[in-house]
Structure formats: structure tokens, C-alpha cells
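To keep things clear, I will list the structure first and then write my remarks on it.
As written, the chains take the letters A, B, C and D, and residue 1 is the first residue of each chain.
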Amino acid sequence: MSNLDDLYREIILDHYRSPRNRGELPSPPAIRSEGFNPLCGDELVICVEVQDGVLTNIKISGQGCSISQASSSLMSTVVKGKTLEQIDETINTFKQLMTVHESTLQHGDEPAKIDLRALGELAALQGVVNFPVRIKCATLAWNTLRQALDEA
Amino acid sequence: MSNLDDLYREIILDHYRSPRNRGELPSPPAIRSEGFNPLCGDELVICVEVQDGVLTNIKISGQGCSISQASSSLMSTVVKGKTLEQIDETINTFKQLMTVHESTLQHGDEPAKIDLRALGELAALQGVVNFPVRIKCATLAWNTLRQALDEA
Amino acid sequence: MMSRMVRGLPLTYLDTSATSLPPRPVIEAMSRYYELRHSNVHRGVYLTAEESTAVYEGARKDVGTFINAPNGVNEVVFTKNATESFNLLAKSWGAANLKPGDAVVLSVMEHHANIVPWFQLRDQIGIEIRFIPVGDDYRLDLNSLDELLDGAKLLSVTGMSNVLGTINPIKQLAQAAHDHGALMAIDAAQTIAHSPVDVGDLGVDFLAFSAHKMLGPTGIGVLWAREEILANMPPFLGGGGMIADVRLDGFTPTSGPARFEAGTPPIAEAAGLSAAVRYLSNLGMANVAQYEHDLTLDALTRLHETFHGQVRVIGPNSVTDRGGVISLDVEGVHAHDIAQVLDEFGVCVRPGHHCAKPLMRRFGLSATARASFGPYSLTQDTDVLLEALAHAIKLFG
Amino acid sequence: MMSRMVRGLPLTYLDTSATSLPPRPVIEAMSRYYELRHSNVHRGVYLTAEESTAVYEGARKDVGTFINAPNGVNEVVFTKNATESFNLLAKSWGAANLKPGDAVVLSVMEHHANIVPWFQLRDQIGIEIRFIPVGDDYRLDLNSLDELLDGAKLLSVTGMSNVLGTINPIKQLAQAAHDHGALMAIDAAQTIAHSPVDVGDLGVDFLAFSAHKMLGPTGIGVLWAREEILANMPPFLGGGGMIADVRLDGFTPTSGPARFEAGTPPIAEAAGLSAAVRYLSNLGMANVAQYEHDLTLDALTRLHETFHGQVRVIGPNSVTDRGGVISLDVEGVHAHDIAQVLDEFGVCVRPGHHCAKPLMRRFGLSATARASFGPYSLTQDTDVLLEALAHAIKLFG
């Protein structure tokens, strides 16, 4: 079951069992954004407060599998306190990580070099790319966050 | 090509080349009925005059293949001057002739005994039953006639 | 497919509710059709065109016989799937026969295929849509049936829930619908391959299903409707094959089932469907029902004994009026993760809302992991399922 | 199928316009799919469900590449046939974007698939339908094109007539449509398997075709639409797979091509379509076009030399802008009878109106006998055709 160990790393199980930054924020002033994964039923609500270009607070609620829950929890710890530019970069890097599989598989391209250090704990989600159907679970939180920030 | 000889008997080719009772009748008083075979484009117009339960005149126009043309021409010669009851019987006998194939094939039933003599020249159309797609061509005139008589 | 090895393990296919595995005769019927007699239907005079027409119309006959349609081929319309059948029902029959304010009654356990077309019709002409509630026993709550049917023109309910396994009392519902002057439709997508279906005996007016859930191919479905109703339904999709005439100023539709079959139909798929019907008829649908009943009883019993409360079955616990669809909810483990872990064991179960969101909401669930049986399922499949489930629980525990 | 013997004679298949004969790799792609990976798409986590999703979505990609769709998979919708594609176009895009009095321009040589859905829409919302006339040279008469396009919102024309073989100047028509602020749709049912198709180069906005006319299976068709147009089209059929959410009070559709694909899609058929696209791509569509061009030139020449005026070709006599569809009208012999006699020689040609009644009326014909070529056709097929035609003429002469 080595495949599974790669997907369900300890840090992911930990964030799944004890998600960080759970809850909602009054909106307004917070921006509220909803994300669905219609294929598997994951539902996510992200509330963010942005002040002077900095994401000062984030709360996440909703239901989902270990991957979508852990991904949103990990995301919340990483983006909190960052500037919108920094977050934009992180979102891009993370989504790049999640598309490596597809581009390598389909075009035989060299995987783009990704700075895993920049991702910190998020790198634990790397194993997801070997499970293509789960990629949507991992990226749901990120797409929902981008949606929220687009309104900021 | 013995199959074909059975389908295209000389009497059929003759009626196809020189169709009897071609034309239309002023309607009213004649009853006019149209028949289509949407699958192959055959179109038929039948005009009949009925007096005191007797079909006194019939004219046929339209386009169609040798089978539908010959069938309508043969029909016109057979029904002209007959009572509606007699015609009804002929229609039934003829349609029975045309369904023999199907019922024998699908249920292994004994073909119903059909009095071919009662059909006269019409019996020449017997070969059609071996060409199932052409049965609709042969019966078009008869269905259109019945439709006309239903209005009589 | 069941002989295929996945990661060194044999495949344990427990997803028949989603789609069934066609046996060899079904696959071969289609290959043979393409190799020997593929031609377009109806308009051909040459031999293979006659043959392909016989294949296609023969399938109509086979289906009519299988569901015991009183007027056989005149009542069987081929669609692309059960979903199209419901769209045809709503948008042809419904649009022609329903007026603003008329009610259509569904149930909370319907598949989206039997919900969304009615919402679309409502948004277009303003009908009212009502839902029979589902009780805590996972069965239809029929206490308010009479009120729900008051002013209704149609009752449309699934024969068996694709989430709960609940088998609904269609005969009783049809009787109630008719008593209120409403027609009755049954979503037989989950019924058709798992028990005998006799439309006359059920007393229904419409019936819909897909071939791919009854050991047949993808790409073909059926709407059966009583002949006198079908004869008065306006066309649905327009095109070749459904017309009597087309002029520059309009068209005249043809009669019979062809009126609802625009364009080149699924001919090879009809050959496959015929083969599936014959395969199931040879097994005998009563035998299939009994066999799956036994498998389900065994699985429910062992799930309970092995996991006690830790694994919750979302569906009736008794096997009376219940089919071989077993939805699982495991405390602390999301359905997606269960399916993922089971996949490592070669076990195919489906996580998600199973296209029945209103039902999922009713029970406060976003997803279940669903195992479902078919005529080819074995008690050994349950062995592997239990082993894999135990592993999943340990991993997330 | 071409190796099959009929009444002791090899089959001479000349009915590719009606449906084409899938080569072995196409048939095998479907059998293999059913034997190894059949599962429902999208919602599965287990291996074969991932694989079937990859098969289905891979077909979308292959089709996008084949027609050079600028935004690939985002623009390719799978339907059951070209006819459904036109119904989707008329009843989703048309119903949402056309107002009473808006004009849709078709041509007199359209197949019923590109006529009847527009009449249905007209009867529903009151649009105006106009027809580009066809000249005595069997080509579109474009003299009044500007007037016809005045106030038009869509021009929808066939790439190649399935009766005449006429190839229409789609690029020029698209330009004219756009100059008048109208969108342009092409019925590519007869184009797709016979010449290269590049939607960007053609400058069209919609394109429709069926797999079964391009060496693929029955049961699957395509509507391609520019991404920005598709993104704003409302749903068509409702059901599973096309929703983001369903509640007891309504539903929210999903985005992308899935919005138009309600229910279990034709998955095995998508595998077959992929194989057909790969087969044709390997042949090279420019080669196919050249090959069929040569066959057609040879056939037209020999028909003329052999029968002079006795056999009339209903379609352009030159092979410029003309494909391998040859409709015959024989003085004194009905098309049905020709096809019947030819059948005795193992020759498959199609008699009838070919679902193009307005065109038949234009030329005062109720039926033609149509022979049509595919990439597998041979000059020997023409030999047999001529021999059989001579016999038919003798029999009825």
C-alpha cells in the first residue's frame, strides 16, 4: 500500500483530523466565497479579511474528503498574514505542482521545476498528482480562495 | 437473378409501364385520399366515386416505384365496379398475402391459407413478400384506398 | 472485465448501480453487427440494410417482450439513455399536457434524471413540482400522498433508489395516481436488471431505463409509454427519420415510436441491448432477484457483525423491498477516501452524491461510498470489501 | 464487412453517405473498452473508472485536434448524432439568442437535421426561416445572399450535400454571415470523413457531425462551438452530470461541455470515435480527399461514357468542389427498383429522398439512387455498379 502512504502522508491526516482555521467570518466586512466540486460533493466556504493588501484573517467551513479538507487547512496556515502578491505566487506554484502529472503524462514534457521549499508544508500534497481524480479535491480550496481575492 | 424474376413478373412490369386508371377526379363529388411512404418517397393520390355502395370510378396519380405503381394500377382494375363489401374483402385478402412472410418468419406459424384465385391478377404481387422492405410499396395503394373508403 | 488483474489483484467490481459489465455475448453481438451487417436503417433496399433494420426493430420487439408491453413494438422508443427518456417525457408529453399550475409529483429519493427535466419544464411553463418525503426508515413517507396527488397530472417515482436500495411500492403508487386522475411514470433504471418488470401488472403509464445498467451497452436507453398516450405526444428532437414530409414552409411528423427517434439511431447498441435482454431472460429475472437478495442479506449481516456501529448503512437494514445497493457512511472517513483505499484492494465502489443531491441533503450527507451488486457478483466480493473497509478504518482511525 | 459474400458475390458497399463501415481498429477499441475498463465516467475514484474517464475525455481531445478547435476540449460537446447536435444548437443557443422576427438562413440542399429543429424553434418562438436557393447547376445560388442575410442571426449550411455531392464555399459563406453580424454553422456530417476540416480556417462558429459517417460507431455525435459562445448557452437536456447542484426548489447547471451532456454518455462510442479519428489521421485527410476525388472523376466519366443521357447524374458533372456522392436518375426506372436490381449484384446503393425533401422537390424528383464512396472504396466498385446498372436498364427497358 505504498501508493496510499504517499497520498495520505501523516501531515495530511493530521490536518484532516484537526483542521486549522475552521469557521466563518461575518461578511461584510469579510469576503465570502463558495466552492463546489460537483463530481464528488465537496463543498467549501472560505471567508477572508483583507486589509491594505494583506490577508489578515481566513476561516474555512464545509465538507469534503481528507484531501480537500487537508488542502484547505494547510492553505489557511500558509496564506494567513501574507500579501496578496505573495498569495498569488503561492496559488500559482501550488497549481503548477498539481498539473505536473498531466503535462508529463500527456506530452512527455519535462516537469517544470517547482520550488518545493517555497511551498513549505504544502509540499505534503505532492503525492496527490499520482491520483488524477483527487487533484480537483486538492485544488478546490485554492480556486475558491482566488475567487474570493478577485473580489477583494 | 431468379429472385428478381419472381419480384418483377411480366404483368407487374406491364402495369408499371402502362398504368391503368391514371388521373384525378374532381373532388367533390369524388373522395380524394393521399398516401405517403416517407421511407422511400412514394406518393399516391387516389380519387374514388362511390354510388349506392358501389365504387363506380377510381383514378390514381402520384409517383412511386414499379411495385407501388403496379400495385395501385392492378388494384384499380380489380376494385372498379365492386361493392364496398367486396372491396373490403379484397383489401383484407391482399394484406394477408403481404403479411405471410413476417408471420412465417417470426413465429414459425403455418402461413394462413389464402385464396389466390380470389385475387386474380393481384396474385402476381405475391413475389413481393420475399422482399420485406418492398411490402410497404405494395400496400401503400391499399391503405390509401381504405382511408378513402372510410370517408365514404 | 472481471478476469482483469489490477495491481496484482483481481478486480472486485461493486459498481453495477453506476454501470454494469456486459457479458461476452453482448460485446460480440455488437462486433458481429459491425463486421457483418452495419448499414443505416429503414431507407435501404439492399441486404445488409434490411438486416440492420431487422436488428434494430428486433431489439424493439425484444424490449417490448422483456417488459411485457401490451402493444409491443408500438410502445418502445429508443433514446440515448434513461436521462433522455425523462427529457422526452417532460418536454413532449409534459409540455403538451401540462398547464401552468398543474402539479408533477416526484420523490425526494429521485435521481437528477427524474428531477432536472421537470424543473426545466417548470421554468418554461410554470408547473408545480412536489416531492414525496423520505422517512427516517429510508422509505417513502406516504402519509401525505393524497394531498400531494391533489391536482397532480403525473406521479414519477423510481422503482429502486440508486443510493438507498429501497424498492418502492410502484403498483400501489400507480393505483393512487390513477385514483387522482394522474398518470404514473417509473424510473426503472435500477429496477430493470434486478427483478422482473411487467408494465401491465405494475399499472404504470411510462417507464424509462438505460441499457448500460442491464448488461447492455452505453448509448441507448428506452422510454416505454402506453400506445394511446404515445400516439398523442408531439415530436421531441427534430430531423431525419421522424418526419412524414418536410417542405420549405414546415414539416409533418411521422407516427409511432419513430416520431421520437430523430437521426441515425443507436443501431449497434440496439444489437447489444437485444443480446443483454436475451442474456437476462435466460438467467430468469426472478432468479436474478433471488440471487441478489441473498448476496445483499449476507453483506448487510456481515457489515453489521464486523463493524457494528462504525459503518453505517444508509438504507433499509432489512432486505424486504430492498435491492443490492449498499451505501456506506463511515464515521470519520470520507466516502472519497474509502473508495480510494478500496481501490488499492482492487475493489470498485463509488463515492459521491450519486446524482441524488436532494436525498443526500435529506440525510445531511455530502457523499456515501456505494457498493452495488449485479448478477455476476459473488459472496467473495463481500469478503474483499470487508477486508478493505477494515484497512480504511484503521488508516484513518 | 467488405469481405462478406452475399448470394455468392462479394459485397460492393456504396452507401458511405448513409453510414460508413468501421475498420477493425474501431470495432476492437470498443470491444477492448468493454472487456477491460468499462465503468461510468467522472464520479469514480477506482482504476477502471479513471480509465473510462480518460477514454471519454481523451476522445474529446482527439476530436478537438482533428478539427483544430482553438480551445480544444472546452469546445467539444458529445451528442448522440449530428441530428441531436442541431437540436442542441437550435434549442439552446437558438432559444436563448433569437427573438421573434430574427432570421435563420439555411439552404434548399439541407438535410432534414438542419431544417426541422429550426421549424420547431420557429413554431415555438416565431423566428423567420429563409433558404438559399439551389441553381440548375446543383450549386447554391448566392445572388441574393446579401438580402437573405439582412437581419439574420445565423447562417447554417451543409459543407457537402448528401444528395448532390456539391461542396459549398463555407469560408466565403462564413465571411458573408459575419459581415452581416450573423453567426455561421456548418453541417459537417458529409465533410468530416472526406476532406480536412479546420474550424479556425473555415471561420465558422458551430460545426456538427456524427461518428458513424466517419468510420466510427453509431450512438455518438459532436457539436463543436466556439468557447465564448458555448460558455453562454443555457443547458439543453437535464439530468445527472450537467448540474452543479440540485435542490428541492431548483438546480444550478455546471459549466463547460458537460453542461450539455446529461446522463451517462456514450463512453464505448467515444473510444470508437477516438480510434476512427486516429485511423483517418493516419490516412491523412488530404490523401483521402484526393483518393475519393479520383474515384469520383473516374465514376462520373464512365457513367457518362456508358449510358450517355440514359442515366442522369443529379449533381455537378465536374469534380471541382464536388465529393464522392453520386445520385442517379434513370429514365423509366424508379430509384427503388434500381437499388433492388443492384442488390442482386451485391451492390449497396440507397434509394429515396435522403432526408432532403426540399431539395428533391426543387428538382421534381421523389427519389434518386445514390452511390457514395468512402476511403475504402475501389474503382472495381464502379465496375460492378456499371454492370448492375446496365442490367437494371435492360430489365425495365
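The rule is short, and it goes like this: a contact is a pair of C-beta atoms (placed from the backbone, for glycine too) under 8 Å apart; a residue touches a chain by one contact, two chains touch by 3 or more.
For clarity, every value in this text was computed on a predicted model and none was experimentally measured.
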B-D compared against A-D, more contacting pairs: B-D
Chain centre separation (chain A, chain B; CA means) in Å: 76
Averaged-CA centre spacing for the pair chain D and chain B, given as whole angstrom: 37
Whole-Å gap between the CA centroids of chain A and chain D: 45
Centroid spacing, where centroids are CA-atom means, of chain C and chain D in whole angstrom: 31
Of all residues in chain C, the ones touching two or more other chains: 43-45, 49, 243, 245, 336, 340, 351-352, 357
Chain B, residues touching no fewer than two other chains: 39-40, 134
Touch relationships between chains, expressed as pairs: A-C, A-D, B-C, B-D, C-D
Residues of chain D that touch chain A when the two form their complex: 42-45, 49-50, 53, 243-245, 254
Chain C-facing residues of chain B, complex: 36, 38-40, 132-134
Chain B - residues contacting chain D, complex: 1, 3-4, 7-8, 13, 16-17, 39-43, 63-67, 69, 131, 134, 137
Residue ranges of chain C touching chain D (in the complex, touch as defined): 1, 4, 6-7, 11, 13, 15, 18-19, 21-22, 26-27, 30-31, 34-40, 43-49, 80-84, 86-87, 108, 111-113, 115-117, 119-120, 123, 131, 210, 212, 217-221, 235, 237-243, 245-248, 250-251, 262-269, 336, 339-340, 342-343, 346-352, 354-355, 357-358, 361
Of chain D, residues touching chain B in the complex: 332-337, 340-341, 344, 351-353, 357, 360, 366-367, 391, 395-396
